[in-house]
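So, here's a batch of structures to check.
The same chain A turns up in both complexes below, where it pairs with chain B and then with chain C.
Coming up: the complex of A and B.
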């Protein structure tokens, strides 16, 4: 007699899928009970139809591609600037005294407040969205990298100096590796914030994109399309986080010895 | 040799798979585009032509915006959009869109 063995990971997937299925069934069952039209309360079947429609008309792939391009560029620029600024502030006391108050002030001003100004300066479109996303990503990366840079044990720095390390060797062989896990955490947090920023920026400053789809669907009384946009946003984030961000975080954190893996323990 | 247990193996493999899928999709789009708009229907390089673009649905504002970007949108009749002054490259690119079922030359009466 054979016995099916389900691993813990598979059991988690099965339970997660079951939860989603139950949610969809409850949602569909509630539609006739609520008794409102699809404009107010679309059911899963309406949303599925809207999804098929958007796909067949070529709207969804284009919007998804445009959003992905803006997101990738914004995150890349914001993260690069955040790391550079953190190294500048973290390694130079004069730079820290000059820039830290301004950066703290800017941190308090959310991107939502900046977008109307960006629209006035740069107009509707790509530039405004790119700047808004870079702005969102910049601060988490900056503060986390700064934390990493300032947490480097002085004994490491002194030891490297005593061994004759140059400034560049100190940075590349001691400070950056020590700060990397914090940097990656900041990148992951920033990437998550950028996702929210993307929706708002596209609602205000774009004529394509998933954020625009959400906005346009509501404006045209096609609520099912709005929900499709929301679901796509959620799925896209799950994909980015699970396929890229988590593995990169795991690789760097494990690489620098902050976590002992089961494999290493054996 | 690739280490399949490395944490970055999965992102790498998925990215590679997506790139292959995108490449395959582009190849399919080129083949479909050639069938929808054969060479004799395309304008000579540097010239423009008028086209009736056939869609399997009534065009929405998204399609009208896309089509306006490549030519002068003259009229819309049910599922057909009539464009004037479309350049060769734009006509070829349009024929590769999967939501375009056909394109034919059109003369303004």
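Coming up: the complex of A and C.
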């Protein structure tokens, strides 16, 4: 009888956890079979030891705080500038036609490719990382907002105008709500690229942070530390995605019925 | 009368001219900047220097060699990653218990795929080609397997029941329902996974490579050859736009859009 109380959702969580446990067990079992030593192939036990060590020495909390600070600052600056630029350009059709192709070219020069010239301009460090992250959020937000503004059906604009809407009313009641889903999509795309960009930028241009931990661990032949860094990175992204990005999408886009999610369809 | 018909050719020329304004302004700014602000010449070489570097790199073949090395790695990584991930993803997703078991693990692994594997790749394969190909294949693999599993799962249950109640079994279910049902998601996933793969390529070459566009630009930092960096950036941007336009958009048009599963 007790089986019947477990819902499908709970069963999924149980099975998913079991999958992760099985993966860790298989990894541990494979260590003596591979037998290449902890430098080439550390096991979960080595990784756990490295994790405790990094935690006890206070390295991990410091690095995590540095990375989080850089990421939050970069994403916020990029998104804010992106929205402002999009409103300046996007509300004017000619301006939008002038800038859209150049914007898509600038976005095609991936942030990773900007790191070398940022290093020349700003040196190794915080400024380079911050600008690279802002860059990779700025362009998708800008570009997708432009697309969103352009996709507003002219009928809506004409209807609002005919009913006597002022320029500000037109913007706040018609254009922005129509462009918002596209804008949010751009933000999520940018936030995803920025996260990987952060890890890379920290490998190249920083002396702290999760990306630096991943890089430094391998350079010092402490591969277990590298894997600790990778796991923390994965958990951090799942946290950011589930706690910040998805709720934003839910609170705006889905609530207004603009996007039907897979969940709602079930 | 014919004068009143708007010609599509003229509109295209208009668009082209408008689109040229912003790059022209950027170039003009670049041109006058040294006359307004003073900075060391190596920080931003003149347009002529960059153009000269480009002509030189085109003439001696180094630029084509770098492009060729990068694209070859990308192609191998993309092919290998997808060839392993798609069949495996379909096999996993066809069994609901297996899919439930693996979904959280795959979500997790997908979120660390790519650049974070660079140090491990260096340990396992050494600096060079194999490490970079591994990083790209790894990025593509995790994105593709995730997309495939989601694609198979997005097939509505009613279709499963309909197909089965009409007597389809085994291979028929796979060929007539699962594969076409999951294919649009898989094809749409190509572009996203390639966007991450392209970044992983450039990043991987910068840290672990010994040739290619990423290696060329990071190597130039050592010698303050900013003109080589700018040339590399320009080529990286141009190649992505060309790939996006002539491979992925074209592929989506020929498949997903044509099947009526997505409007453009």
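In this section, the second predicted complex is superposed on the first by the 250 of 266 C-alpha atoms of A that agree within 3 Å, B and C clash if a C-alpha of one lies under 4 Å from a C-alpha of the other, contacts with A are read in each partner's own complex, and residues count from 1 in each chain.
Quick note on the criterion: a contact is a pair of C-beta atoms (placed from the backbone, for glycine too) under 8 Å apart; a residue touches a chain by one contact, two chains touch by 3 or more.
Since the model is a prediction, treat every value here as computed from it, not as a measurement.
Undergrad: Identify the partner contact of A:237: answer first if only chain B is touched, second if only chain C is, both if each is, neither if none is.
TA: After superposing on A, A:237 lies in contact with chain C but is clear of chain B.
Undergrad: Tell me which partner A:247 touches in the superposition: chain B (first), chain C (second), both or neither.
TA: first
Undergrad: In the overlay, answer first, second, both or neither for which of chain B and chain C A:56 touches.
TA: First partner only, chain B.
Undergrad: When the two structures are laid over each other on chain A, which of chain B and chain C touches more residues of chain A?
TA: C
Undergrad: Contact-wise, after the overlay, does A:112 reach chain B, chain C, both or neither (first, second, both, neither)?
TA: Once the two structures are laid over each other on A, A:112 reaches chain C alone.
Undergrad: Quick check on the superposed pair: does A:124 touch chain B, chain C, both, or neither? Answer first, second, both or neither.
TA: In the superposition, A:124 contacts neither chain B nor chain C.
Undergrad: List the residues on chain A that touch chain C in their complex, please.
TA: 11-12, 15-20, 22-23, 39-40, 94, 97-102, 104-106, 108-117, 119-121, 193, 196-197, 199-200, 203-204, 211, 214-215, 217-219, 223, 226-227, 229-231, 233-235, 237-238, 241, 262
Undergrad: For the complex, which residues does chain C have touching chain A?
TA: On the chain C side, the touching residues are 15, 18-19, 21-23, 26, 42-43, 97, 100-105, 107-109, 111-112, 114-120, 122-124, 154, 195-196, 198-199, 202-203, 206-207, 213-214, 217-218, 220-221, 224, 226, 229-230, 232-234, 236-238, 240-241, 244.
Undergrad: Would you pull the chain B residues touching chain A in the complex into a rising list?
TA: Residue positions touching the partner: 5-8, 10-11, 14, 56-57, 60, 62-63, 65, 97-99.
Undergrad: Name, in rising order, each residue of chain A that touches chain B in their complex.
TA: Touch list, chain A to chain B: 56-59, 62, 207-208, 243-244, 247-248, 250-251, 254, 263.
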